[in-house]
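Chains: A, B, C, D, E and F, in written order; residue numbering restarts at 1 for each.
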Amino acid sequence: MQETRPGAGMDVPRFSGIATFMRLPHLPPERAEGVELGLVGVPFDLGTTNRPGARFGPRALREAASTLRRLNGATGVDPFALARAADLGDAPVNPADLADSLVRIEAFFDRLVTRGIVPLAAGGDHLVSLPILRALARRYGPLGMVHFDAHTDFYDRYFGGARFTHGTPFRRAVEEGVLDPRRVVQIGIRGTLYDGEDVAFARAAGVRIVPIEELVDEGREAIVAEARAVVGDGPVYVSFDIDALDPSQAPGTGTPEIGGIGVHDAQRMIRALDGLDLVGADLVEVSPPYDVGGLTAWTGANLLFELLCVLARAVARRRGDGAVTGAPTD
Amino acid sequence: MQETRPGAGMDVPRFSGIATFMRLPHLPPERAEGVELGLVGVPFDLGTTNRPGARFGPRALREAASTLRRLNGATGVDPFALARAADLGDAPVNPADLADSLVRIEAFFDRLVTRGIVPLAAGGDHLVSLPILRALARRYGPLGMVHFDAHTDFYDRYFGGARFTHGTPFRRAVEEGVLDPRRVVQIGIRGTLYDGEDVAFARAAGVRIVPIEELVDEGREAIVAEARAVVGDGPVYVSFDIDALDPSQAPGTGTPEIGGIGVHDAQRMIRALDGLDLVGADLVEVSPPYDVGGLTAWTGANLLFELLCVLARAVARRRGDGAVTGAPTD
Amino acid sequence: MQETRPGAGMDVPRFSGIATFMRLPHLPPERAEGVELGLVGVPFDLGTTNRPGARFGPRALREAASTLRRLNGATGVDPFALARAADLGDAPVNPADLADSLVRIEAFFDRLVTRGIVPLAAGGDHLVSLPILRALARRYGPLGMVHFDAHTDFYDRYFGGARFTHGTPFRRAVEEGVLDPRRVVQIGIRGTLYDGEDVAFARAAGVRIVPIEELVDEGREAIVAEARAVVGDGPVYVSFDIDALDPSQAPGTGTPEIGGIGVHDAQRMIRALDGLDLVGADLVEVSPPYDVGGLTAWTGANLLFELLCVLARAVARRRGDGAVTGAPTD
Amino acid sequence: MQETRPGAGMDVPRFSGIATFMRLPHLPPERAEGVELGLVGVPFDLGTTNRPGARFGPRALREAASTLRRLNGATGVDPFALARAADLGDAPVNPADLADSLVRIEAFFDRLVTRGIVPLAAGGDHLVSLPILRALARRYGPLGMVHFDAHTDFYDRYFGGARFTHGTPFRRAVEEGVLDPRRVVQIGIRGTLYDGEDVAFARAAGVRIVPIEELVDEGREAIVAEARAVVGDGPVYVSFDIDALDPSQAPGTGTPEIGGIGVHDAQRMIRALDGLDLVGADLVEVSPPYDVGGLTAWTGANLLFELLCVLARAVARRRGDGAVTGAPTD
Amino acid sequence: MQETRPGAGMDVPRFSGIATFMRLPHLPPERAEGVELGLVGVPFDLGTTNRPGARFGPRALREAASTLRRLNGATGVDPFALARAADLGDAPVNPADLADSLVRIEAFFDRLVTRGIVPLAAGGDHLVSLPILRALARRYGPLGMVHFDAHTDFYDRYFGGARFTHGTPFRRAVEEGVLDPRRVVQIGIRGTLYDGEDVAFARAAGVRIVPIEELVDEGREAIVAEARAVVGDGPVYVSFDIDALDPSQAPGTGTPEIGGIGVHDAQRMIRALDGLDLVGADLVEVSPPYDVGGLTAWTGANLLFELLCVLARAVARRRGDGAVTGAPTD
Amino acid sequence: MQETRPGAGMDVPRFSGIATFMRLPHLPPERAEGVELGLVGVPFDLGTTNRPGARFGPRALREAASTLRRLNGATGVDPFALARAADLGDAPVNPADLADSLVRIEAFFDRLVTRGIVPLAAGGDHLVSLPILRALARRYGPLGMVHFDAHTDFYDRYFGGARFTHGTPFRRAVEEGVLDPRRVVQIGIRGTLYDGEDVAFARAAGVRIVPIEELVDEGREAIVAEARAVVGDGPVYVSFDIDALDPSQAPGTGTPEIGGIGVHDAQRMIRALDGLDLVGADLVEVSPPYDVGGLTAWTGANLLFELLCVLARAVARRRGDGAVTGAPTD
């Protein structure tokens, strides 16, 4: 069976070797035998309407993530001890055809989900969540979602008619029945609006929108408790748009909005999702051409690691691993 | 009558076309018939004593502001529905003569104020507030001011004798009677001092200085409530020096001081000025040569938008528009 | 009649005011009465296959070009004295639809060409040349072209099927009969190749390809003399892809190739096109997200000015202006 | 006697002249007669295991610190009025020999400590604390320490065997008896771990580790009160690793960890150390090649100034200066 | 047998997937069965005396090289058709021990050379050439060398005693007999000197030093012809220090010297080495922390490709491949 | 007597210690006993009309120059063996008063020239040449000048009336009789012009202007031979505006013009001035806020060193040092 743990930073320098997510073995799906948790890049940004560049996200995230150490210092979780993980490479895309790319991405994730691999995707722009959700819903039915973002991404159309952009994935996902809007919570919403129709639609559908003002006023703990209640016991997806964060902490993204979530709060909120029935996650909209000193890639890589930790615990829990029935330290 | 609303981002891409503030029509003063709220650049930094560059602020702010959407997502305010606004271009300056520049700038704003146009200025260094205040005081008498800054700008002289620098505008304004010091509040003051004479003068004159420590300890809401009480019912000017913010969120400025106001708090404090008798505002000291990834220009553009929203409501209120008698959501 | 000369840098600082090409008046086509030479931005990069960003080129080029002075120091040409020029704004694009964008761009240039306005376009990626050539060919028939580039842009398809990318415009233009391949010369070609089919097609069609090695070995003067012979007396278009230049002098582009044309040579080659029957030109592939210190935008703006000078002389010559029958100094 | 106060910023521009710490006179140790407080650069980073560059820290900190003004605006402290200070230049290092460098650095500080000069060192990587502690312990015995950092720096070995790296100084210091672990508190610890052995060792030895989560939850005041209790009345060293801060506020460091201490809190915690028996301090791990817009150097320079203020008060207090027996304002 | 050709850029986007040199399969030595030409990273910079950072070179070069196309446009060479190539990963290093690193690197290359794999190494600082030369000399005897550099790297010692730094590899190599100094030519030498002893030693030993002035005055063709004569028919190594180039074209390096070799000349000189008995090559001193816009990595990747082309032809020629007996086009 | 040689790079690392020009001792004029050649910073940019920042030039040049080695590798000159040199610190300036600054700068240089110290100044903007020339002319009478620049700096006035800007120093110098226009040669002139009046005035006065086109066409050697003839045997000043260089090699300057002098040619032309009666020199317009990766400062520092070498030989020759009567190697 394949090796599914990172190389040791004390034996091989972390700046050395081919860059993979967390220095995990690179196992293309056809060699991913026994993998439980698959890290996947999705180098796609044809859904971007303003500043493209997220197609380069997976490489920058791999490069940054290769310097992470093995253990979560705050919670004590060693994800690689809990679940067999690997870097499955990038989902295939067609850089000249948005629709064809969505088909290819969905097929790739379908293959993983079918084999029971829990996906952790690194975007790419936010439209990549749609084909992943489709693949997951085929197995799990309509999903709940904890969604960190500055924007609702519940727009209907862009520029007269475009139905598939990085501002529309969840509108489509709700229409297609792959997301259950009453089990969706969006945290960190802010910024100027075209007309507010996106917010109106989402609220009407039952989505719980938590604007940044509410997060700041109520505090992280209250909001995440409510989020847990909203998504309940069913299968849950986590989508983390890096623009949820304050642009001083994540400048490298296409549509920054000032006054965002602090990174510390983001880390704690992800950790607090532990115990939910997590079936997949993504971190999207890291755009290296707009990054400053690699900060966004580094932040994104660390949040990927936090997501990996809670996903690994979910995998182990579903497998019946007794060691993870309790909560980790935080 | 001229068009006074931004082009629609859903019809014309926000990255397209000549860059104006919020994609507003560019109407030089002679064509500004009917305009109620005038956005003006003041490309001047001859008052800068250390790191010049704010002369390039207006262009960077226009470029950034052109990508803003129409609606304030937090308060629901659509400023362009409340007041007829336009980009009036830049005030004239003489880049080889500080004194002549002050004369030209004052004359330009005089023309606007005389016609009843409420000015929202984008600096330029902080000395540009002086000629604007002079023009406004001619119409309104001594003004109150809510002033966000790391520095008091109440110095007397610089380098032996210079009386007009970006560290002295409010000393001059108080001496000239265009500012009423008992109706002035300064928020965010911090950093090392030459000798503290500026602080002593300001306090003696009745200015309320709120150091950053007090803002952090007392909280935004208490401070802004006191600020409202200090400026009272009379005409009020808002001056926002971008160096009030933490340098991680606004690096592109000439005199950064560490440990500043958080952007989220700044947004909320500006919104909380709604209801005051606001007669003008500026945002100054954005210095593009020192910016990092455009973050300061983007932050400045968003704060200009927040200022625009409260100014637009003041305009509408003075016009007797019933829709704005209540407070906006926040 | 509209003003069609730049504001004077000695009266208004060059860093001041709304940024337009060369500080020319901004005249949307509907107000472009009497304009002979129209500078147009084309903020489009959906044809880009690797690193997008050229959509932001027009704004960066306007910002840079606004600081140019009036007179060509090397040749003595004052283009604004020779031809009535204006900044006509940006051609319309649909950022979510490549095909629709091509239609919109072509229609825009059609309107200009129909009125006899000579277009000088600032891209945008290289695919924007195609709709411009279509518009020009409708008036002038198949065009000759002097083309500066690292790449032939004579590819047939990309990624299985895409026929319209920034690597294919001239393949399409030849197929559609808007370019006469025997009157096309390409200067500066270099870099790694997929398979060389583009070069083979172009040569078979009669295109004269001048690889960088030949330019260096034969020298600028010999090559440009041959270029003049190739395009002959008929109507000629000039297309300047900024990636023709060495990446140290023009880093801000999507597909840089090392070892490129030196800027000095590029300036002299453009000047040496004087006297040809030039009917339009473009400068493309300036990609601000990849620029370094604004160098590429500044270089591009200066080359736009060189193109403007030779176009203005062509306009004046066709108008029968005796002053331009001789060659300018160089 | 030598001049030991900064040049006046109102007489000589702060951007002028040879760059020294706070524009203090540069007095090599042999001319440091009468100096009580010595600022010293330690341009050494051979202890760095991942991203080197801190060897360039002293110069960047001098350049930044040269623009500080004389007075602490928050506390009113004028350190130069309390203690005779000077820039003593850089400690000698051997850039090709780690062990030899440690010997040279220790000898240099020995000389200062022997003369009763209180050292304030600017690193360099964190290994430089070790020779400084050795020199101080020779005079004062085992020291207490307030240590701000993302990492414990209590590792034992690196890469099989290296005992002296920037991850091991305090392990060695405890082993050698120069640090008293029961009087050591570490604030801001976080990030991924190799295996947690460092934390286990430190805790077993009696070190009080305050992870970032605890600092955020308990608040700065509670933590600093506890820190004062931990170090007690004995001689105390302060070591500030710039990576204690959030990377958005201090990007220029070799081993950033997301979600760090806010700069405002850091300033307040340093000020709150006033009254302890401070005998030396350092600020380390500023790495200019990784800095962004000079922010880290600027932040580091300001924190050096905060350290200087509390050290100067300790010097004056020990000298019996009555003016400093009370607490400064804050 | 393993696949040893790059993925096709027309099927998989070049920005996609795990980054390897030229998108070649990643085959660790134990799986490198049948490989003739091995690309290897050497992430080592402990030999650097001033600005470290070259340890990050291999990753940056892989990232850049992954976007190269298959065919050399200038010479028509398809290296992958001529020789079976692979990315063999990084040579092992010990980031805390210079001497141990040299041992590990040499052992790694020994293994390759023993199997007949021709190495193409990507540094790392220039000291990495020494262990590679040792491994090659064990098979081929004393080597000739064509060396592009700003510095001779013939220093004896550094800082009193260090014998192994990036300024000394060829002094050691000559002393150890792995280089034959009478078959060594150094091209591009320039810059300020400590004392000139390095130059004196090299010349006395028979090395042909070509200062940049001579290259400029005599021209590339004369110099390369002489270089071919100097190295003659025996086995030849090519070492390309990126600081040979002008710093405007390769800023990302530790010891830049102004007025360097132009990239175009460098490309042509490498191509002109075709036909020599090339047995290995390296490209060193790319230092990503000092790079600007990725230009140095991009340039380095392209020069690696040029080296790959001439090496591949040497491999094929030695194998007896008739197709490569003639010279390629240039 | 004071030490007047740089610290040795083999004993003290070049990145270590207080940054002075070439690591020379810092001797304020009052301690400059016996110094023959004085390096002086002039941190002044109030003459700048567009992009300020050159006031920060001296510090950046010191920082860069501190890493130079002792010996000129191309000519073999060791300037410190030929003339007693020191870093005399910065000339005093008044950052709030242009006219007062000119008085202070002139007085400072007067003092040096009176004592027979040959000045080598590091600007600052180009206006600083005027007070230096005034001080030199008082001793030597009207000077000849070799002037490298993109601009003539022979403008009369700026913006209606300003007579003292960085575009006017040589107009004033000719009017005041401190420059002899018939002994002035300007090399590298290019770029767009306001109206060409500056060129007309200079030519009428007898100045020899060498546009960049002529330099490229005629070659460096012919031009420098003519320059030597123009300035003749009398006392000569050398003024090197860094914008003479191509902006790819010197981006950090206020008024870059594309297509400039190559650095290699600049080095050789400075070296070829050896033997002239050189009485002073400056290098101006390095503007760190616009620099990219420190390249301009590094280039400027190296050119300062080349100037130092020819000045040192002139000093030694006038002193009657036989060793320098012959030409150095080149």
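Definition applied: contacts are C-beta pairs under 8 Å (C-beta built on N, C-alpha and C of every residue); 3 or more make two chains touch, one makes a residue touch a chain.
Remember, predicted model here, so these are calculated numbers, not experimental data.
Counting only chains that touch, the fewest steps needed to get from chain C to chain E is 1.
Contact count check for D-E and A-B (C-beta pairs in contact): higher for A-B.
Interface repeat of C-E: among C-F, D-E or B-C, the matching pair is C-F, sharing over half of the residue-numbered contact pairs.
For this pair, chain B with chain D, the centres built from the Cα atoms lie 39 Å apart. The geometric centre of chain A is 42 Å away from that of chain C, both derived from CA atoms.
Multi-chain contact residues, meaning those touching two or more other chains, occur in chain F at positions 13, 15, 49-51, 56, 95, 158-160, 246, 248, 290, 292. Per the contact rule defined earlier, chains pair up in contact as A-B, A-C, A-D, A-E, B-C, B-D, B-F, C-E, C-F, D-E, D-F, E-F. Listing the residues of chain F that touch chain B in their complex gives 45, 49-53, 56, 94-97, 158-162, 165, 289-290. Contacts from chain B toward chain D in the complex involve residues 49-51, 158-160, 189-196, 199, 211-213, 216, 246-248, 251-252, 256-260, 290-292. Chain contact summary for the complex, chain A toward chain E: residues 12-13, 15-20, 26, 41, 43, 55-56, 58-59, 62-63, 87, 89-90, 92-93, 95. Partner chain F is touched in their complex by these residues of chain C: 9-11, 13-15, 67-74, 76, 246, 248-249, 262-264, 266-268, 292-293, 295, 298-299, 302, 305, 330.
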